[in-house]
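Just so it is clear, A, B, C and D label the chains in written order, and each chain counts residues from 1 on its own.
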């Protein structure tokens, strides 16, 4: 997030794209509700009639995967009606003219044709956003989990730049992180091309700095992303995988593919708190401690580093991950010795200036938001106040590309996957909570009433959903939340796993799989319950 | 049933309606506040059903359960009380065999209600039988009325 | 009135309609029509429905005006109509024995009709009738000749005070709303009439709906409102119907809507029929209901005149208050102020019921004494019994004993006597009324009608009711009177809204004036008025009993034993103390102890 | 700014402050049950009454704006008697259940009753008695204990925007209910539980796990990215309830997962010893595995475990080190990869990528940022 959660309430316009915020980020949802109560306008861009739609001033129900066309046509209107922020563009950006040119064909009418959103709504949205004084854009995986996810993000950045809506309080672009410490894991360098603090592995000076600090030779080659590792394993190139606290069998696209790949590995280590579906395929399983059993820090979606504290002992011989990692490093002949979690934290701070100003006593009561470079730096509630790191922000022209797998006569529906309120991710944690299971006991496929009628399906019936990759049995939930021609499945339920169906096509840059669009078909089946009755 | 709901919703949309007017309409059409109707209208209009229940349960005029075929309303206003409405009430309860907080007879023929005042205090005690107000009521007149209604069933 | 025509006026208030007013009217209409064919008499006779005439104990009341001379009949039933028609209308011979007698004259002559002046005189369903009586002249004046400040000044000088209970000066209220800046302002007519037993507002709404609309128009002009609501309980079916019709006529005539009287000001008035609940009459609760919420009062951090409906300046005035406004504007503030006392101008309508000879609506100038009302207008206590107390202000008002009968009726002296003006309920009790039972009766209503929001009202009133209940059942404790006094004062002091602040009044006032009666209930387990049935026992006096069996027949509990022509006995175990045997016995053989 | 005097102390506050705000600023405690600064003013409990010179009646300090020159007394024998009577009234309609109540020791009503020394109750009478149980999975609703402070209704409407509950009925029988008194069916955020001053609303999973002498540990929620601050109440090495403090970034608000979904920590299915595979990887098919989660069975008896044997840490780590060295030697470091976790701490993630990069020697390290 460029801004803080606390700033949301002062937005005068909320533009929510591809984010079912009230279910996936309930507490950020509360801040949005506060803003709405204070009179903010709300624009929702989502194919589903999510809860926020009820409160929206404008709802753009686009066809899945047409985000680029939609945002480009919104920007077309902004240019055409001269609602751009010229002084901001001149002072703080470059390449605007070429970018402006690229928008010319995206008239609202053209946008309507591709996205299905009426041209008037596109025009109205453009005006509302461009004229707002402190608008905030909020998005999550609905924007990024596409083969053109990077393009979508560029579009959003362009939109904010051309209207000068960045670098102010309550004004910015805010991807909402879906997991407690995605931000931190990325910050800490658990990505193949960056060391901690987004320092590129391919820049020699940077590499040397880390080699000196870590007293080890480092590889200059950027590594593989998670999806690439799975592909590589299936090809037989990757021989060993160490998975810590992840359940790719359920969370990655195309489960059959993932399982085949993992089985093909020579050696798989899984370190987790439960015997997950992935762990069942492991050669060695290591029992880890959960969040309540260790000390450390999490970094939330607003870049706030906060203290995690040990409350209880882990069960049996389960150990904190840091204990396991340092012991293993020792066995491999590398001395990794730390007195405490804070010891590790201060090493990270030495390697990454944005964290250098923090220590545990500073964040004892309330966390700090990076960048926080010195011991008296108050942290950074919103980014780009004084300008962009590269001096001038670049406009990136993008063109609409259809999603990789579009519905056809054989697979006529588009599948969207996502989360629901009570269950969480692959269910490893929440499905072991009795109360959650009682309230959200089973998976379902949300089907538009018209599609359901077409297929002769009643509410609550078991149906079969298939894609080119696999098929699952699942309960039908007929609801107007879904756009006609699309179905939605939450991916928490292993017995009706959405990722049996999804495609492994990824974005060429970010390597994000296209989990939000794939083609499926729907069939009614006679469920067991029904047979018993007969 | 659906037509009924549509009418209620139309009335709401056309006449600056609110929860109260919808409840009045539901009561009018169904004779009580049907849970099913409330839930369907609530989802149609995106108003939470708790809003309806909070108001419906506030007024004695709204009924949360289906009612009998004939409604006997006994006024319990001050003048009627002084002129013996309690005696009539007790006798009718006995006659209809209503126990505890029951208000509808087992044969669903009668529902007995009390009202604070129907505004006809000059002719108290007042009883309304199927909204027909009858003044200067006494026990024997009351029994005749009940028997008449039983006979016509 | 054209004296060539015979005019028949049939009272058409709720009381009258339930007494057969509709049938009486139809009988007149039918006769008029049929006789018209025969005699060509039709043109001379017109029948009108008129609003309540206040004298409800003598319904159905019929006026026959022949050649300008008005004759009033009382207690008319449909089968009596042909004779009136034949003898009076056709032959000009009034029927003496059916004419309203002295009581009727007395009932009306003691009153000063201001708010009720149109009720019973003009057809409430016709705008023309109202206009013919000078209606909407005041509104025209307010919109075309006066500026808002002048209107407010006029109302202030008239000493008009809110007739809904608390008696806040109306002009001041309007001034607050006038001075508060807002994009929108509202005027709301409170026609909830919470008080069971009071029906003044209903009669005005039924009998003179246009006067309320005109009052609202003038108020809207004064404060700058362009939206009004008439809140009326939907069980007042006739009032709802008449108001709806009146509003429709106003829109048709351009009296409401855009650009009223060419003043450039708009006014839209909506009728808001809502279910009746006692608490809805409280202004903040009433506004919540219009907002579509539960009728729960909110703390008055701001005046409603400054922040009311949807947080906009809002005037909430009682129907009677608003109906007074046109008269003030046309006849002048001095005239109105002159009618009342120094602190409160004008008249007040009371709904007099209970054990008086003449019950009905009574309009008197403020400052009249209670004795005048009860004895002169009301004709004294019925059945020749003795006056015991009079309850004013409805279930949250207080009871006043005989010693206060010569006090003036105005806001201040009523407060001194421990009661309130309320919405004008007046119930007269005779010596056969038990004051403990009466208090319990009122608290039974108020404990159920509490909105449940604040602690003292929700739980406290219920507890007072329970204490009263045990006293009337002979289970009172020695300290119960003091406990009631403490709790009553506590509820009065700590409650959130006016409802809770006044709800203990019936108990506190009766303890104040009739403390001994409570003490007898508690210490001697006796009810001196023979009302609290748990403290009574019924027995048969063998010397008087003829064994006629009447008591046995009426006893709902089969508690009477005995064979014909032999003295009967009452089984104390079975007796439910309903009193039916006592009423049925013609020989005075039932003894109550 | 407005100057006023409370209990002899002078204070200057903003003109939109209430007397209660001003008193709080002075550190003067005025008892309340229904007041919550985040919510609209309710004015229902009538405990915060104060005396203001010139006013014939005490006023509710939560609902009265300050005025210049106001002389306020927050505590006099008269006021204390009024407060005590109101508590006594509340207790007359409250079950005598402190012995078993989850909130005993942490209950505002109990505390006030103690403070005012109310043992005998002069107002005993009808109590609300409700027999129906609310069968929702999360929130225990014992409405007999409700003091009608209305905080739950207001927070549900004003903050959560859910309106899942409202007041219903009237008089003594006024009650907070879901529509038609059905079972609570909402987002289960538990905001209502967080504000309830008594034992009327509690977490169902709290019951019989202990109610006092907790160790409170402040930490951060492990679900979504909002970073809500949690306080874990710990007793005998078990998390027994979860709540959030008001002065946190999430302002004391939580969602159903953060507040109620902590049971997994103590699940008997937790891994507790390192495992090494002994049987070949079976033909594992997802759809046919109908082993439900949360079956409550100890982990050894779950399907899946039969392919493994429990080993010591030393054995497991030696084995891993051996295999890694072997593969690195045969296929080079880039044949090895590591997937880290967005669940884990910054420190652990830092160490993990350091392990992969500095110890194994490859940049093949990633985590699930993309899902």
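One rule holds for everything that comes next: contacts are C-beta pairs under 8 Å (C-beta built on N, C-alpha and C of every residue); 3 or more make two chains touch, one makes a residue touch a chain.
Keep in mind that this is a model prediction, so the values were computed, not measured.
With centres defined by CA atoms alone, the chain at the far end from chain A is C. Geometrically, the chain at the heart of the complex, using CA-atom means, is D. In terms of C-beta pairs in contact, the better-connected of the chain pairs C-D and B-D is C-D. The geometric centre of chain A is 67 Å away from that of chain C, both derived from CA atoms. Note on chain placement: the centre of chain C and the centre of chain D lie 53 Å apart, centres being C-alpha means. The geometric centre of chain B is 43 Å away from that of chain D, both derived from CA atoms.
The distance from the centre of chain A to the centre of chain B, each centre being the mean of the chain's C-alpha atoms, comes to 56 Å. Multi-chain contact residues, meaning those touching two or more other chains, occur in chain D at positions 166-167, 169-170. Under the contact definition stated at the top, the residues of chain C that touch 2 or more other chains are 277, 294, 451. Listed for chain B are residues 51, 54, 58, each touching two or more other chains. Inter-chain contacts, as defined above, occur between A-D, B-C, B-D, C-D.
Those residues of chain B that touch chain D in the complex are listed here as 35, 38-39, 48-54, 57-58, 64.
By the touch criterion given at the top, residues 14-15, 17-19, 56-57, 59, 196-197, 199, 202, 234-236, 270, 273-278, 289, 291-295, 351, 353-355, 359-360, 391, 395, 425, 427, 429, 433, 441-442, 445, 451, 554, 556, 576, 578-580 of chain C touch chain B in their complex. If you check the complex, the residues on chain D that touch chain A are 136-138, 158-161, 187-189, 204-205, 215, 217-229, 232, 234, 237-239, 248-250, 253-258, 260-267, 269-277, 281, 284, 286-287, 289-290, 292-294, 299, 302, 304-305, 307-308, 313, 316-321, 323-325, 327, 330-331, 333-371.
Residues 277, 279, 294, 296, 298-301, 447-456, 458-460, 462-463, 466, 483, 486-487, 490, 493-496 of chain C touch chain D in their complex. The touching residues of chain B, counted against chain C in their complex, run 16, 18-20, 24, 51, 54-55, 58-62, 76-79, 81-82, 87, 90-91, 94, 115-124, 126, 132-135, 139.
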